[in-house]
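Chain lettering (A, B, C, D, E and F) follows the sequence in which the chains are written, and residue indices restart at 1 in each chain.
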Amino acid sequence: MYWNSLSEFLAMGGYGFYVWGSFGLTFAVMTIELWLLKKRQKRVMQLVKQEAI
Amino acid sequence: MGLLASNRELTADNLVGVRGDRLLFEKLNFKCSNGTVLYLQGANGTGKTTLLRTICGLSKPHAGVIKWCGENINALAEDFHQHVLYIGHLPGIKEDLTALENLQFSLALSGSNVMEDKATAVLKMLGLAHGLNLPTRMLSQGQKRRVALARLWLQDLPLWILDEPFTALDTSATDLLKQKIEAFAHDGGIVVMTTHQEVTLHVPKFEQLRLDA
Amino acid sequence: MKNLATKSGFNWLKYASPKTFYPLAGKLIPWCAISAATLIAYGLYIGLLVAPTDFQQGEGYRIIFVHVPAAWFSMFLYLLMALYAGMGLVFNAKLSYLMATAIAPTGAMFTLLALVTGSLWGKPMWGAWWVWDARLTSELILLFLYIGYISLQAAIDDKTRADKASAVLALVGAINVPIIFFSVKWWNTLHQGSSISLTKAPAMAAIMLQGMLIMAIGFWLYSIAVILMRVRCEILERDSKTAMFRQD
Amino acid sequence: MHKKLSTFSVLYKILERDIKVAWRRQSDVMAVFFFFIIAASLFPLGSGADPKLLNAMAPSVLWVTALLSCMLSLSRMYASDYADGTLEQMMLSNQPTVLIVLMKILAHWMLSGLPLVFVAPLIGLQFNLSGAQLQILALSLLMGTLALSLIGSIGATLTLGIRGTGVLIAILVLPLYIPVLVFGAGAVNAVSIGVSPNGALSLLGAVLAMALVFAPLASTAALKIALE
Amino acid sequence: MHKKLSTFSVLYKILERDIKVAWRRQSDVMAVFFFFIIAASLFPLGSGADPKLLNAMAPSVLWVTALLSCMLSLSRMYASDYADGTLEQMMLSNQPTVLIVLMKILAHWMLSGLPLVFVAPLIGLQFNLSGAQLQILALSLLMGTLALSLIGSIGATLTLGIRGTGVLIAILVLPLYIPVLVFGAGAVNAVSIGVSPNGALSLLGAVLAMALVFAPLASTAALKIALE
Amino acid sequence: MGLLASNRELTADNLVGVRGDRLLFEKLNFKCSNGTVLYLQGANGTGKTTLLRTICGLSKPHAGVIKWCGENINALAEDFHQHVLYIGHLPGIKEDLTALENLQFSLALSGSNVMEDKATAVLKMLGLAHGLNLPTRMLSQGQKRRVALARLWLQDLPLWILDEPFTALDTSATDLLKQKIEAFAHDGGIVVMTTHQEVTLHVPKFEQLRLDA
């Protein structure tokens, strides 16, 4: 483990905004992509079920 | 049908129609009262479309006046428009919208608010059941025309102006439309129309006007 | 209705029909998703907790663990998309078109991420959110190419036509990508000016490289999972439309 | 059988439909947006990467590009309604044509001008503009693009039914756009050289007010002529 | 009753007709021309009158404007032939479609690219460009605009029959135009900084050659797809 | 009429037509030899236009083949096109050009070079005397159709494909067109056509094909 304390970890040597910004954005965008896909999947499934009736 | 009950009259006084430098018709007079179907005839290019557009006020006549219940339609402007239903060569539908959306919009334009299920019912009756939710671009020529004509079943306007309404329609649609026009005239509506097809309409007053003369 | 794929006579294409593919993809997705999550978590662990600081850039360099994999996949996915599009045109295989369609949004997303994380890196390193450097500019143009593809696909609602037309575009783009990248490079060398190029990697520590690679494989598996999910949606959507039409 | 709609709801329907049509092909809404981004990025590619030069070019480049992207979508404003006969139907509607025209202009602005207000600052970052410059850029675009839609509507109606409209509209409309451009870009330039942008902005406001009064009237007249 | 026409004379008829149609509405031919002049003149208006800045901006501004004006007329390239059914007839002609496409591209270039080669130097004078710069500007435009028409044809055919085409074409085509812009404006910039423009010009030539080979093929494929 | 003398045959083998995701027709077979008029019938939206476009090679059939004199038309490509005259829903004329220019261009497209006076004579015969030098934009709906149809009188192609050719035509133009089709069939030509109007044609072989089935 490279870090000594949590606050040091969060500060990232003064680059906190940029580092956490990049990591945060990356995973936020990936999660949103997944979430949108799930929503689309649900909608499609509903449509298919409707037609099956 | 409230609107249709009262007495209406459409008259033309010495109309002169000119397109470009060409005189199309001259000294044209007619008078249509409730229950009349005025049927314009004439070879291609004799000025039927021009006359219809003049009657609804889209073009100004070169000379002469058109009166609605005794008043010049140019003076009436919107007060006249709210009584007219015009369907021309162009269908007036957006290819990006569905049949239903198109119909609702064209109804809204003339200020009437029709329930969705009523509109749907009419479209289905016109054989557009499967195309209700398709953009009209994906419809065939005749299906597009049907969407445009659907307004006739949903609006209470006393004057219809129809330019070749039977174009591209198959026989079943033609029959439906004929019946609708007949019913409308019996209820006291006034229709001015053209077509190159043979039509026999059973209406209170059927008048013909030839433009070639 | 006759299956399009069987007509072409390529045996393997029979297995590439959407109908066979749908359940297969369904089985693959969870495996890809799980391994993607594991690898990304491990990559994050290395990148954020284990790797030491960079002696030049301080902790800011840690952005590399997301930036570089995103940049790689932005380019790789474009090539893959063009490949599928080309196969679609040549073999008239529906599934190929579907794959190309499904890849585009993910590719565009990674391009956007490379741009944004790059900017977030650039601000502390260069003092500017953006410089007109050859590599950055090329990446920006790549985003435009993706946008063109997606816009065209969205603008045509006849799906068969949309597939074919956007496939042509993807191929044209693929021929152009090398030319574009090359021209941008040339443009930048002519005007040396003040442009700052991305520094040569300072003998990257093995642990950093390891973290980056793990992260990249994680992104790759994520892409596969997401793309397969999207293909499945696409198959169902198109299929259900067919069913809808058949009813009357 | 049916009830009458109020003027307000008819107008709302017109606005709603324009937005719905545009939304149906989301690409359309996005398109003006992307055009702006892509076209603005072309200038650095044409001129090399000198940040000082880029910064000096930025106000005019961004404003001219915004202007061109609003203008590009003008030909779409009435053309399809004209081609398919909807416009005829609108003229035959029982609402005053001026109001209908105003709604179409509003829809155009919401779909093509407004989005630019939000992206322009982002692109501004690529040209190294300062915070103050970015702010004034956004503000001047907010007022300016509405004026562009209003004035543009005149060009769009005048050229209805004429083929190859895109370029013709451009010629009609660009000279009329000049005041908007001069005051809009002028406001940003003022910040660059450390002068107050208020003068330029209030002149821009005056242009906007004039356009609000005259443009719908002129468009209505042009429409009537086009449909005759 | 009639004699058969040779391939050559059929192709010539296609070219002749496009030019005749454009000529019939002279406004169209003039339009690209005027758009270029007006748009290029907007930049000085937007940026104040610093002659040094203008001179530095000039190559990119002139080239980007030329590019945009060629692009604006793209939507006209096939659209009207598509809308009125002439394009169907062309596909059913007994000539290979590639050749027909090539003729349409040639006509587009003659009507929208070529005129710019002649006005651009005039506008260049307004930006204080030197004689050598003006020469290379004209030469690079001569080659570049043909490449623009070729590449543009791909965008035009891909978007046939899609509404709101103007902006969509722009998005498809602008990224593909970048090499042409870089080498074209690059040649002029090279002269400005005293370097030989030959490198840029020969690269531009290479891009043109590539476009000549691939663009007609891609357009033909796109046309067939559009009409299916 | 050299071209028409030889034996030609148009056959369809198990055609399947799909538009979007919709199945329009299936297992369609027909065979037309010299002198045949094949008359497609069907309500709006049953796929007549789609079938006609498939026959001339503008759309590819979903499955099945169309053969011209025994060879697949997709393989023949331009060699097939030089035998086909297709007139669709769209008139295929440029509104900026005059009737004569339009006619000459569409003839040139299919490689035939017709003298100006011959073309003028046909246009006059079709009642377009006064419009010869007007841009077609200034013609009425029916006059535009006449310009598009004028090719039929001037080209020696053995296969005509006509989509609702009578649309917008008045009775005199309809008669002219009917006579022309009859004469063409008697000379050994093949015609595939649709229309919603009633037509009776006196031709060697008159075949009907309903698409609703």
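Observations
FYI, contacts are C-beta pairs under 8 Å (C-beta built on N, C-alpha and C of every residue); 3 or more make two chains touch, one makes a residue touch a chain.
As the structure is a prediction and not an experimental result, all values here were calculated from the model.
Among all pairs of chains, D-E has the largest number of C-beta pairs in contact.
Look at the CA centroids: the one farthest from the centroid of subunit D belongs to F. Note: centroid distance subunit A to subunit E, computed from Cα atoms, is 44 Å.
Centre-to-centre spacing of subunit C and subunit D amounts to 34 Å, using the average Cα coordinate of each chain. Here the spacing of subunit A and subunit F, counted between their Cα centres, is 59 Å.
Centre-to-centre separation between subunit A and subunit B, using Cα means, comes to 58 Å. Each of the following residues of subunit C touches two or more other chains: 144, 147, 151-152, 155, 158, 160, 184, 187, 190-191, 245, 247.
Counting partner chains per residue, subunit E has residues 25, 80, 162-164, 168, 171, 174-175, 178, 182, 189, 228 touching two or more of them. Counting partner chains per residue, subunit A has no residue touching two or more of them. Interface of subunit E with subunit C (complex): residues 154, 158-159, 162, 164, 168, 171-172, 174-176, 178-179, 182-183, 186, 189-190, 195, 200, 203, 207, 210, 214, 218, 221-222, 225-226, 228. Interface residues of subunit C facing subunit E in the complex, by the touch rule stated above, are 89, 141, 144-145, 147-148, 151-152, 155-156, 160-161, 164-165, 168-169, 171-173, 175-176, 179-180, 182-184, 186-187, 190-191. Those residues of subunit F whose C-beta lies close enough to touch subunit B in the complex are 19-20, 42-45, 49, 89, 127, 130-131, 134, 138-143, 145-146, 164, 167-174, 196-197. By the touch criterion stated above, subunit E contacts subunit F in their complex at residues 1-5, 9-10, 13-14, 17, 20-21, 24-25, 80-81, 83-86, 88-96, 227-228.
Partner subunit A is touched in their complex by these residues of subunit C: 44, 48-53, 58-60, 62-63, 65-67, 70, 105-106, 109, 112-113, 116-117, 120-121, 123-124, 222, 226, 229-230, 232-233, 236-237, 239-240, 243-244, 247.
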